[in-house]
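Next, two complexes with chain A in common: one pairs it with chain B, the other with chain C.
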Partner chain A sequence: MSRRARALMLLAPLLLFLGLAYIVPFLGVIRWSVTLPQPGLGQYRAALTDPLVQSVFLRTLRVCVAVTAASVLAGYVIALLWVRGGPVQKLLVELCILIPFWISVLTRAFGWLALLSNRGIINDWLQWAGILHEPLAMVRNEFGVIVGMTHFLIPFAVFPLASSMRNLDERVLMAARGMGASRARIFWRVLVPMTLPGILGAALVVFVFALGFFVTPAILGGGRSVMAAELIYLRIFQSPDWGLGAAISVIMMVAVGGMLALLLRQARPGGGR
Partner chain B sequence: MNATRPGPVVALLAALVSVFLLMPLIAVIPVSFTPTRYLSVPTDEWSLRHYRTLIDNPAWAQGVWLSIRIGVLSSFIATSLALFFSLGLWMAQPRHAGLMMGMALLPMVAPPVVSALTLYFFLISLSQVNGVVAYDTWAGVSLAHAVMTAPFAVVLITVALAQVDRRIDLAARSAGAGLFTRIFRVILPNIRFGVLTAAFLTFVLSWEEIGVTLFITSVRAITLPRLMWMGLRDNIDPAIAAVSVVLIVLVVVVILGKTAVQMLLARRRKEH
Partner chain C sequence: MTTKSRSAEIGAQGIGKSFGRFRALDGISLTIGQGEFLTLLGPSGSGKTTFLMVLAGFEAPTDGRLTLDGQDVTAMPAEERAFGMVFQGYALFPHMTVEENIAFPLRVQRRSAADIRRRVDEIVEMMGLADHGKKRPSGLSGGQQQRVALARALVYEPPVLLLDEPFSALDKNLRGQMQDEVRRLHRETGTTFVFVTHDQSEALALSNRVAIFDHGKLQQLASPKTVYERPTNRFVAEFLGEINILPLSNVRRNGSAILGDFEGQALHADAGGTLSETLAIRPEYMALHLARPAEGNAIAAQLRDLTYLGAETQLALVTAGGVGINLSLPTAALPQGVATGQEVWAAWPEERAFFL
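Up next, the complex of A and B:
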């Protein structure tokens, strides 16, 4: 027993560290949300009724749904080639997933600025070719935010999708093929239904990530299309209203916790590995 | 095998997605050679002035050096705490393992902005009692990065441990080995690769961390990403393009090198 007790001691340092550096401070954030500027639930009422905060929540929801749909669709085709393609295709796709994945989010957001801004590459070309006379606004709006976030989140969609495709028995596909089903029919009637748990898992992961995401929207939204995460930053550092910032954080944590509980329940009955 | 390969439609769509994924990385290259002081595409004149800025302006070297120091310290803290934790779970198999794992992974699954606010609270509280591990200091940032990256180390080391045969630990135990010997002479050599990967990943995650860093630094602890952020927000500085090109080249070289080594090893294995 004492031998086991000593092994249990190994658990203590990390749990203590996270307890002191994360859990206790989070309780402090909760305290802020109910005491600043005055005690009570006023900040929560404000967060849920204030028209400005509501419009930010609505925009966050809209952008997150669009980003999730785009990332899962794009992730699905590329994961399919990664898992079932020929050796050369596999290698190329793997590089296209891994290289952006390892590059800093700032560099990637900057790349989109270089492409999409008024003096950027795409506007430059379109004007040079005479298609446009005025630059087309593609950043500092929701479009830029959606493009940048989708780019960031595609790899996070690819990993769960690829794992669910790897678990699929290839003989099922061969059987469908042998019975004369067309490629499109196999895709829609066999592949998609059989990888549905992976699709739902990927969608949830991407949605949760998108919700708390802050850097890409701040850069590509240019302060115009503020999302919930950026609103927290602004409420803490620019128009000091710590109570409201803390209340939005707590609401976001609860929402994400609920979605993760959903993910766990969905993953438990034989979902994936 | 060929019958279940994706058809031309999927291949075409995947090619489009691949172009989408690489496009912003390629777009940075021409912009970094612009002769102007604002974000633009060079037309007739190409210039290296923004690369020269990286060398001439000491802020960039300072940022790189600070990011390296923070990365090494936070990676050391995160990897060692995660190693002990994962070993404890593996060896003792406690009853509430799931709950403890959930707690260890909390900073990874919580929304990044909530973690940032939480760590801001943590560091300004520490600032009231000391000036070393505090808000806007390199030790404080290292500690905060360790909180954010430790869950990733836990995942990697736990996966490595899951592949270790429990019987070798059992054999060592029944031969009278103590806890210390079991860990350092029996288990660690078997998960060496997982631990090294965890140390590397936590370093990289800290090296490019920006969401939390924005909340916990202001004027003194300016890491490389923080410096890039300042050049991106108000007036877009093309020096960011030059830094980005350097970072992209670094990542591409490492990944291509790793892929080439793997292919070489695989071929050699096939020959034997």
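Up next, the complex of A and C:
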């Protein structure tokens, strides 16, 4: 048996599982999108022209861009501390990244609710201190969604960033220092350009994850900041509008697929550098 | 470069460096003269690279003082010293072109665009990189990357150039070319060069003086000729090349001559240096005779092995007392009809033997 055939056989259970549990159902979703309630591309036209669906898409895009920017920015600082900091900083970063990573997304969303809601800890404290007289609305809006999602997604940005920083030749930074370059110049002219593949990778991972977020926006958005995944849920489970829900799903899938293709090109050796 | 750089004198007084309980450097005191080419030579872990890092300012010494033209710079950070430095593996900026790499230190110094252009063009031309200015380092050969690293370190005319085993990744031919290049750059710039290597022939070929390190201590600091021909201790003698060691007994002065007994016969030694019971002779100063020569020192031995190396032939001898002696002869000087197993004589001029 050739190596190729053996490899294929070892992969077969996984491929079979993916096929049955994922591809076949998804083909069903595609069928709904072009057959319900009547055959044709009407649901796609509706998904792309309906002002409500458009506003949800726009909000999804806006939130995802903000979450990506915030996660990559915070992730860069954390990764830098993790890779180049002292032993105490390293341990602290590991604890702060890994412990929340093990806690369920639901628990974390409720945690943020307890912190940010109108009668939550932060508002209580700000009012008690006399800084605010009215509670500040930090949940049931996009702000709360962005905070919750960013908190969840930071580790996904830290890992690719830390790995690109670890692969960096320390001597290149020393060389820059030896020529008299300031810390700011080394950061902007050497470190950031050299870790650019890591930055792009981290941004894509976070963005793709963020597009499909459901639990965090549902809880911290409180039904007012509906994002794409929640809209699909509403179309399929709350209103019997399966065709539109399916069409939105397919559009999201194509967007995610496109970005994953970009990510894979980026990750291929020599692709990004 | 047509203009001579300002070059500096470096002084080290009692430099020590500890990493935890490990003593990487211990009591290093030396002066590196203005415009000198000094090589730091030693095996790996001897402290030579640590000393270079202390000179550059990347490592702070645990004890001692460092001066630059008489001014104390012990606490001055690397970015303020701004010595030129060529790293092992070149450490070029992979995201910049050759020209951008070379312009980097000039940009740091906020030189005018016209000045940067002129200097970069000049050094690119001088280093033979004119066809590669717009390429990234990954598109260059090892030798070309080396030239870029040298250009980047010299373009801003630093007072001192530090080189950390810059040629260790190059093959032998290219290494020879780059050594010539570095010697030429040293002559033309007049900058003080400090060069780290573990290759003794490189050290002897390049420098005005060689500083030999072992176990964090400076073993000897002298000209290439002196360290090779008059090493101060056995480590230096053995590190710089093959050496024959003969144990002597009853070492004594007899008038102006110095004598010692080896396997029942008296050997003469050079009067310089301190007396000891160990006589050392470099193999290339020994000659092979089939019968006892009329003058000079000679000892009888059996020829055990003969290795033909083309221009040179190496011979391994063993004396009656079991002391091994190596000879290295030009093949042309090999006596006719010499064969292994034969009894022969190894002879050398008295002044070529010294005490260790």
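Here is the rule we go by: the second predicted complex is superposed on the first by the 260 of 273 C-alpha atoms of A that agree within 3 Å, B and C clash if a C-alpha of one lies under 4 Å from a C-alpha of the other, contacts with A are read in each partner's own complex, and residues count from 1 in each chain.
Here, a contact is a pair of C-beta atoms (placed from the backbone, for glycine too) under 8 Å apart; a residue touches a chain by one contact, two chains touch by 3 or more.
On a predicted model such as this, the values are computed, not experimentally measured, just so you know.
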Chain C versus chain B on the shared chain A, clash or fit after superposition: fit
Touched partner set for A:Arg185, first chain B, second chain C, both or neither: second
Chain B versus chain C as contact partner of A:Met194, first or second or both or neither: second
Touched partner set for A:Val215, first chain B, second chain C, both or neither: first
Superposition-derived angle with apex at the Cα centre of chain A and sides reaching chain B and chain C, degrees in steps of 10: 90
Greater chain A contact set [chain C / chain B]: B
Contacts of A:Met174 with chain B and chain C, given as first, second, both or neither: both
Gap in Å between nearest CA atoms once chain C and chain B share a frame through chain A: 6
Intersection of chain A interface sets (partners chain B, chain C): 174, 177-178
Of all residues in chain C, those that touch chain A in their complex: 56-58, 78-85, 87-89, 91-95, 104-105, 108-109, 152, 156
Residues of chain A defined as touching chain B within the complex: 3-4, 6-15, 17-19, 21-26, 28-29, 32, 74, 77-78, 80-81, 84-86, 89, 91-100, 102-115, 117, 119-121, 124, 151, 154, 170, 173-174, 177-178, 183-184, 187, 208, 211-215, 218-219, 229, 232-233, 236-237, 245-246, 249, 252-253, 256, 260
Interfacial residue positions of chain A with respect to chain C in the complex: 169, 171-172, 174-182, 185, 189-190, 193-194, 196, 273
In the complex, chain B residues that touch chain A: 3-7, 9-11, 13-14, 17-18, 20-28, 30-31, 38-41, 81-82, 84-85, 87-89, 91-92, 94, 100, 103-104, 106-107, 109-122, 125, 143-144, 146-147, 150, 154, 173, 179, 204, 208, 210-211, 214-215, 225, 228-229, 232-233, 236, 240-241, 243-244, 247-248, 251-252, 254-256, 259
